[in-house]
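In the two complexes below, subunit A is the common chain; its partner is subunit B in one and subunit C in the other.
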Partner chain A sequence: MTTSFPELGEIERDALTEIVNIGVGRAARRLADMIGETVQLSVPRVELLTRDVAANLLDQRGSTGLVSVGQDFQGAFSGQALLLFPETNSLELVRAVVGEGMALDEIIALEQGALAEIGNIILNGCLVSIANLLRLDLTMSLPRVLRGSGRTILAVENGEPEPALFLTIDFSVASRNINGYIALLMDLPSLSVLRQLIDEFIATIVQGEKP
Partner chain B sequence: MADKVAAALVDRVGGGLILVDPAQRVRLWNRWMAQATPLPVENLLGRCLWDLFPGLRNTRLGVAVDEALTTGTSSFLTHNLNARLLPLFKPDGRQLLYDTSVQPFDMEGERWCFIQLDDQTANIERERALRERGEARYRAVVDAAPEVIVTTDSAGVIQWINGAVTRHFGYEPQDVVGHPIALLLENAGADLWPRGQSERAGEGGIPLEATGRRKDGSTFDLEISIGRWTSEQRLFRTGILRDVTERKRVDAELRHLNATLEARVEERTAALRAEAAQRARVEETLLQSQKMEAVGQLTGGMAHDFNNLLQALQACLQMVGRRTKGMPEVQPLLDAGRQAVDRGASLVRQLMSFARKQALIAEPFDVRERLLGMRVILDRALRADIRLQMDIHADTWNILGDPTQFELAVLNLVVNARDAISADGMVVVSAGNRTLDGTDAKGLRGEYVEISVSDNGVGMSPEISSRIFEPFFTTKSVGKGTGLGLAQVYGFCEQSGGTVTVVSTPGSGTHISLFLPRSIAAMGEDSARISQPAKGEGAVVLLVEDDPIVLPVVKAALEDLDYVVHHASTGDEALRRLTEGEAVDILFTDLVMPGHTSGIALAHQARKLRPDLPIVLTTGYSSELSRESEFRLLAKPYQVEDIAAMFEAELKRRQRSN
Partner chain C sequence: MGRKVLIIDDSKLARMLVAGIMSRLQPEWGLVEAANAIEALALIDGGDIDIVLVDFNMPDIDGLELLTQLRQKHPAMPVAVISANAQQGIVARTHALDAAFIEKPLKDETLRPFLAGADLKLKRARP
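Let's turn to the complex of A and B:
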């Protein structure tokens, strides 16, 4: 399922991983600030997958339905940023942010909006830091909240059958029994641009180290 | 034109629209915004947003605007998480609730920022009103509920729980919300809780049984009823968890009670059955003894009359004998007559014995000695093919009874045993001490000697063995038995204050036991019989006798012996004459007589009047006799010689004491 990623060299891959790591790290800090709990992150995985395979992968990770908060980004390269977690975690995530003591039906009532905003904060944090690092100019859409299987979510987010670059980072809030992941899907035509941006980024770092 | 239309539309939009340029100055502020803000529009346009609302610079809105302008990100701010961003009010003064979205907006090559505000006030108020109305009732129910009421999402994660969880599980509600239901239920119970979208067992109203687990790890029995509901297209399940520990305990107790109730009923039934059987036995015994009593009364009355006749006959024969001395041809006839009287007397004796009317001469005697002494007689009574075994305990107590009757009873039993054995058998005569506690031997208590006669003969059916003590009941062929043998045994035992029991099984023999009371008195000396008739030497006898047949014979016999006989026909008459001072040497009275004064009463009065007067009593009835040890007693029918011997002994005793 996982194919190697010949377009990117080892250093470039490491650099990309690092960039995403920084972005997601910033997003995680925002989430941690919102819920007042520590958020654990895994090392990002970088994979080149078709939508089908990606959808299967998503569905395999949880037997229940998924909730996704998705935002499109456009600029030098395009794609989607997704915050994904099992549907069963969503109420708990909302509760974690809005605080205890709120009645269940109140939480249900505000769930949709709160999820959109929480996802928005996290994804913005991630994308902004990546854009800043890569000196990139992007515009991003408002968040969408979707429910369903991995397949339906990915179909809505992008119907293209071509392989895409998947960057996934697991996150979990142990004390809250919340877990999920952040995925960045990048269209392949953007890949060469990305590579260029990464190379520039690497060059900046090397320059910064020289003096 | 297009600009005018656009401007008109912007003002008609039912929400707030703000446009901010890269320097964060307000470039558009639509009518909705103007109506919700106390500031006039003219004063707003061209001014920096943060100069107008300085407090918002460091909020999420400030960050969102910054990011939109610099990085091109879009942001969504809900009213729930970002209350009171811009202070917006309705015309009636109430605060507006709104969601805010911030997006980059490309404007002639520059990046501007577009802020949109969606009024949520009406929605929120409507929802809140609905919720509150529904909730008031709901809360009242669930807060007061003694049962734990818990709601989970479709994955079984607890979303809400009422306060009863503290009492039943030891958790505070906030401890469990967000945790899987498995926190409260043991494994099997947690598996029962339905998951997913499909309907599962337990949701149809049939309660599930499960085991609850408290915070401290202890467990208890639960009954769970689960219902499902949806809200905003999400499936939830609410369950009522009922602690059934107490109910189960009561159930178990009831079951136990039921089980033991049956046992108790069985026990009681058995006891009642035993009691009923016991009562039936007692009733049967009573009936039997009443029957025997009745038969005894009848037999006794007849025997008494026969006895008097025999008495008369005997005396007659005796006197005929005296007066025909030296007439050898008369002697054989007299002997034949006497034999006939003896046989008649023996028959009557047995009848009387059964009727308990026979004069039993009760005295202490040694059972062992008597039985061993009978060995020869018993051997003779048995046939050659029957072996006799004597099994007599050496320390067997003395008993109180009539030894002659005792011997007769044993002989009767042995003869019966013999007749029960067709060929080659054995009869065992045994004796031993028994201390009875009332549980057997017809309820006797105390110290008894049991004398048993057992055989290995044909035995008897219960129908037969229940009747064997009835007089004239016999299984023997006509002429072979009188039917009085066992009646004698019965009468003797009952009269002696004991009883007789029989155990018999057809085919395996019969075992009959006599229970006779132990005697604690020392054995008396055998009263020596005086063989020669003594002479009265003119002594005056006051003979009290009401029987006209007996009277002349006895009178004649006494006169033959040189006694002067005065006769009184009732006790009353005799007493009167004694009181009047009639000269009498001996009082000889029957016990049962008509009139107010019985023989006993007469004897006692006479003893008072004349302490020196010799008194001799006679009777055919034993019951009075056995109580009267004070006076000399003569059992009917008696020989003339017996009277003479007793009179002489009494006269001599009186003389000695004088």
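Let's turn to the complex of A and C:
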């Protein structure tokens, strides 16, 4: 994990990396199960950014238009989980899940709802692993499909000064030319809570208990 | 004996995927679909549903609220909650309502044992 996140000590960052890796691994396995292909993952990146800067980063990484499936989560910490990919990949992703037997016009008719369900399964895979490892309850909103710029997707309002923890992992399905990434945007007031939860998680490992 | 299965999910894709699996596992069984809890409760009140598969995360009335209502009239009906949200608390609430929890994405291997168990339970109740 690359990070410029001074609030966490080395062991805490290690623990966060491990928790996130487990979560994203589960998300990737769910995607792989849905499409019957192997999914490649990058190492997670963790950055402390304002939503403004994060939105610009999204625009730089996705050169055409972006499609996102987003779910808000609330609980001991709150934020937004996003599945993002270039708009040009959207139909291919739906086709990969429903199979080759369906005509293009049927896939187009199904696209919006299908993306919401695919995103729901993948993002829940990640969030549920994190919630269960940290022993907390998170409430997840229904998935929303959004298209457009990074600013639209992150609902950026001008002059928002608060930085947020921005965590991204690239994924790709080489055999189908699908790529995108999973992003978690966590609000800063939640960070102290997150740190406390990570410390408790570390304590249970040190005590030799199963987390 | 053919059973009638009700699948409740607000996602059309999710219902399609269940229908695909059911056509492989139990092609003789009937499958009825509902997109929300209100439709589902009307179908269940209709009287000929044997087994229910219900999503958790749905608008207005979620799967566990629906299950709570269903249990008042149908304490023994075989039900599985099918959700990507496999948090420990949600799985525990599902089990407390005497239902199975099956994680999304649904696969043949994960639905098969539930259907077999449900069939057996129904045979025992109405031999």
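Rule of thumb we're sticking to: the second predicted complex is superposed on the first by the 199 of 211 C-alpha atoms of A that agree within 3 Å, B and C clash if a C-alpha of one lies under 4 Å from a C-alpha of the other, contacts with A are read in each partner's own complex, and residues count from 1 in each chain.
In this section, a residue touches a chain if its C-beta (ideal position, glycine included) is under 8 Å from a C-beta of that chain, and two chains touch if they have at least 3 such contacts.
Everything quoted here is computed from the prediction, not taken from an experiment.
Chemist: Subunit A superposed: clash or fit between subunit B and subunit C?
Modeler: Clash - subunit B and subunit C, as placed by superposing on subunit A, overlap.
Chemist: Applying the touch criterion given at the start, work out whether A:Gln112 contacts subunit B, subunit C, both or neither, answering first, second, both or neither.
Modeler: first
Chemist: Touch check for A:Val39: first (subunit B), second (subunit C), both, or neither?
Modeler: Neither partner.
Chemist: Once the shared chain is lined up, is A:Ala103 touching subunit B (first), subunit C (second), both, or neither of them?
Modeler: Touch partner of A:Ala103: subunit B, not subunit C.
Chemist: Who does A:Leu49 touch here: subunit B (first), subunit C (second), both, or neither?
Modeler: neither
Chemist: Should A:Arg95 be classified as contacting the first partner (subunit B), the second (subunit C), both, or neither?
Modeler: In the superposition, A:Arg95 contacts subunit B only.
Chemist: Look at the residues of subunit A and decide whether subunit B or subunit C touches more of them.
Modeler: The partner making contact with more of subunit A's residues is B.
Chemist: If you stack the two complexes on chain A, which partner ends up touching A:Arg30: first (subunit B), second (subunit C), both, or neither?
Modeler: second
Chemist: Mind working out whether A:Asn132 is in touch with subunit B, subunit C, both or neither, as first, second, both or neither?
Modeler: Both subunit B and subunit C are touched by A:Asn132.
Chemist: With the two complexes superposed on chain A, say which partner A:Pro86 touches: subunit B (first), subunit C (second), both, or neither.
Modeler: So A:Pro86 only meets subunit B here.
Chemist: Quick check on the superposed pair: does A:Leu142 touch subunit B, subunit C, both, or neither? Answer first, second, both or neither.
Modeler: In the superposition, A:Leu142 contacts both subunit B and subunit C.
Chemist: Per the definitions at the top, what is the overlap between the subunit A residues touching subunit B and those touching subunit C?
Modeler: Overlap of subunit B and subunit C footprints on subunit A: residues 97-98, 110, 113-114, 116-117, 120-121, 124, 128, 131-132, 137-138, 140, 142.
Chemist: Quick one: in the complex, what on subunit A touches subunit B?
Modeler: 64, 71, 75, 86-88, 91-92, 95, 97-98, 100-101, 103-114, 116-117, 120-121, 124, 127-128, 131-132, 137-143, 176-177
Chemist: For subunit B, which residues are in contact with subunit A within the complex?
Modeler: Within the complex, subunit B touches subunit A at residues 67, 71-82, 99, 101, 103-104, 106, 127, 131, 135, 151, 153-155, 157, 159-160, 174, 177-180, 196, 231-232, 234, 236.
Chemist: What does subunit C use to touch subunit A in their complex?
Modeler: Per the touch definition, subunit C meets subunit A at residues 10-14, 16, 57-59, 83-89, 104-105, 107.
Chemist: Can you tell me which positions in subunit A touch subunit C when the two form their complex?
Modeler: Touch residues, subunit A against subunit C: 30, 33-34, 97-98, 110, 113-114, 116-118, 120-121, 123-125, 128, 131-132, 135, 137-138, 140, 142.
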